[in-house]
Amino acid sequence: MSSSPQQPKRPLTILQRSLNMKVSVRLKNELEYRGRMNNVDSYMNLILLDAEEFNGANAVANYGKVVIRGNNVLFIKIEKDL
Amino acid sequence: MSSSPQQPKRPLTILQRSLNMKVSVRLKNELEYRGRMNNVDSYMNLILLDAEEFNGANAVANYGKVVIRGNNVLFIKIEKDL
Amino acid sequence: MSSSPQQPKRPLTILQRSLNMKVSVRLKNELEYRGRMNNVDSYMNLILLDAEEFNGANAVANYGKVVIRGNNVLFIKIEKDL
Amino acid sequence: MSSSPQQPKRPLTILQRSLNMKVSVRLKNELEYRGRMNNVDSYMNLILLDAEEFNGANAVANYGKVVIRGNNVLFIKIEKDL
Amino acid sequence: MSSSPQQPKRPLTILQRSLNMKVSVRLKNELEYRGRMNNVDSYMNLILLDAEEFNGANAVANYGKVVIRGNNVLFIKIEKDL
Amino acid sequence: MSSSPQQPKRPLTILQRSLNMKVSVRLKNELEYRGRMNNVDSYMNLILLDAEEFNGANAVANYGKVVIRGNNVLFIKIEKDL
Amino acid sequence: MSSSPQQPKRPLTILQRSLNMKVSVRLKNELEYRGRMNNVDSYMNLILLDAEEFNGANAVANYGKVVIRGNNVLFIKIEKDL
């Protein structure tokens, strides 16, 4: 399954191309983390900078730099994309 | 298990052939996401565009572009198919 | 563990030989899906056509074509077999 | 870890040698399925014939032929053995 | 990590050397099974003979020969060891 | 996916470069452990020194040296970074 | 990622170097086991000798020799280290 430029991009490729974008990461425990996605790997382990923890609409904690283990990720919403 | 043209298609092949279709994705946490399936890989990681989150019949949130981690997927309903 | 024609068939082989049969698929979340098994792979990812969702004896939803992720499957009951 | 005839048999070998025996299969969801074990593979995926579902001592459903996905199995009790 | 005779034995080696010992097997669902460990493999799939199911201190069922799927095992207590 | 010096660093590389930093490790059971990250591997198994267990804002236990199994990790917050 | 003598040690190496130490093993079900760590493998399967089961501060059971399956381990606290 190689990808030529005119094909749609695979999910992990899209994540790689969204580095430094603002993202919202929903985890399986229903908490959400918002911040700048500094990096991500194929397991969806990711580094968030200027991260905030949300429980519903309320920011409940601020984090500087946090490494989220990929197996907890439900989805990653890319807020702004090139 | 090679597939010849007259055989029915394997599940992952069907997903690949349904790119850009409207889909409903039910996750293990019972929430459902509806949108256009921009791409999907063999792990069922997928990209939804114009995604909406449903809790039962109610749209509870709108997302632009969201990457869903495949291990959370219960099923993918393909709304329209070629 | 090769199989000769006189040996009983392995579970995944039986599933492959039951394509286009009517099946009931019980998932770990206790819901049940009934339909025609269009295809299935070794992970038990499967495609159901004319699928209906049951909660106990009640059909609670109708689906056209649905791809179920295999890791959610509890069992597959084969309704009619050659 | 090869096995010579005088060694005790490995668990998966015992299952293979118990084909067509009556078995009770307890799943992680506490339900139990009883029937004839038509076949089983190394993942403990198995085919039951003349299967009955039990919730404690009560048979709650009858199935003809059912393929159980191995990862749900808690244990397999072999009712009669050669 | 090879083992010389004077090194302590690895966990799976200890299990192999405890065949035919009396063991208590605690599962993740909190039930406990006691019997003679006829065999065990590297996944901790094991065969118990003369098995009894305990819920706390009470024997709640008797089994003859049972194959327990290793992924459910919390721990195996070896009652008597050479 | 090789990394040149001018690329952002992968999550596991960032963890490796944060050895001996103060970290907070949130586990899936909602408890949090704070201490100095003596080492970490690619599975996110990690060694904490001078570790304290927190339940919300309260330190509920002190540990000297603790090895946390990576599959329980929700995220690792790096308190100070070079 | 080879380790030279002056580097900090990897988590699994630290465990190997802590054989015969007193350890406390917290499992995912919140129970804790204390004893002498006779051996451990890379999966964190471990053998405890003179093991005691704790529910909070209370010893609730005594075990002689117990093999704990690694996937249940939350953390291992090394009580005394060389």
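A, B, C, D, E, F and G label the chains in the order they appear, each numbered from 1.
Heads up, the rule we're going with is that a residue touches a chain if its C-beta (ideal position, glycine included) is under 8 Å from a C-beta of that chain, and two chains touch if they have at least 3 such contacts.
Predicted, not measured: the structure shown is a model, and the values here were computed from it.
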Shortest contact path, chain F to chain G, counted in steps: 1
Angle (degrees, nearest 5) of the CA superposition of chain B onto chain F: 105
Distance between the centres, which are taken as Cα means, of chain E and chain C, whole angstrom: 34
Interchain centroid distance [CA atoms averaged], chain B/chain E, Å: 42
Chain A-chain F separation of Cα centroids, rounded to whole Å: 19
Distance from chain G to chain D - Cα centre to Cα centre, in angstrom: 34
Chain B residues counted as touching two or more neighbouring chains: 71
Going round from chain E, first to chain G: chain order: E, G, F, A, B, C, D
Chain D residues within the chain E interface of the complex: 1, 8-12, 14-15, 28, 30, 44, 70-71, 73-79, 81
Of all residues in chain G, those that touch chain E in their complex: 16, 19-20, 27, 29, 33, 38-42, 45-47, 63-69, 71-72
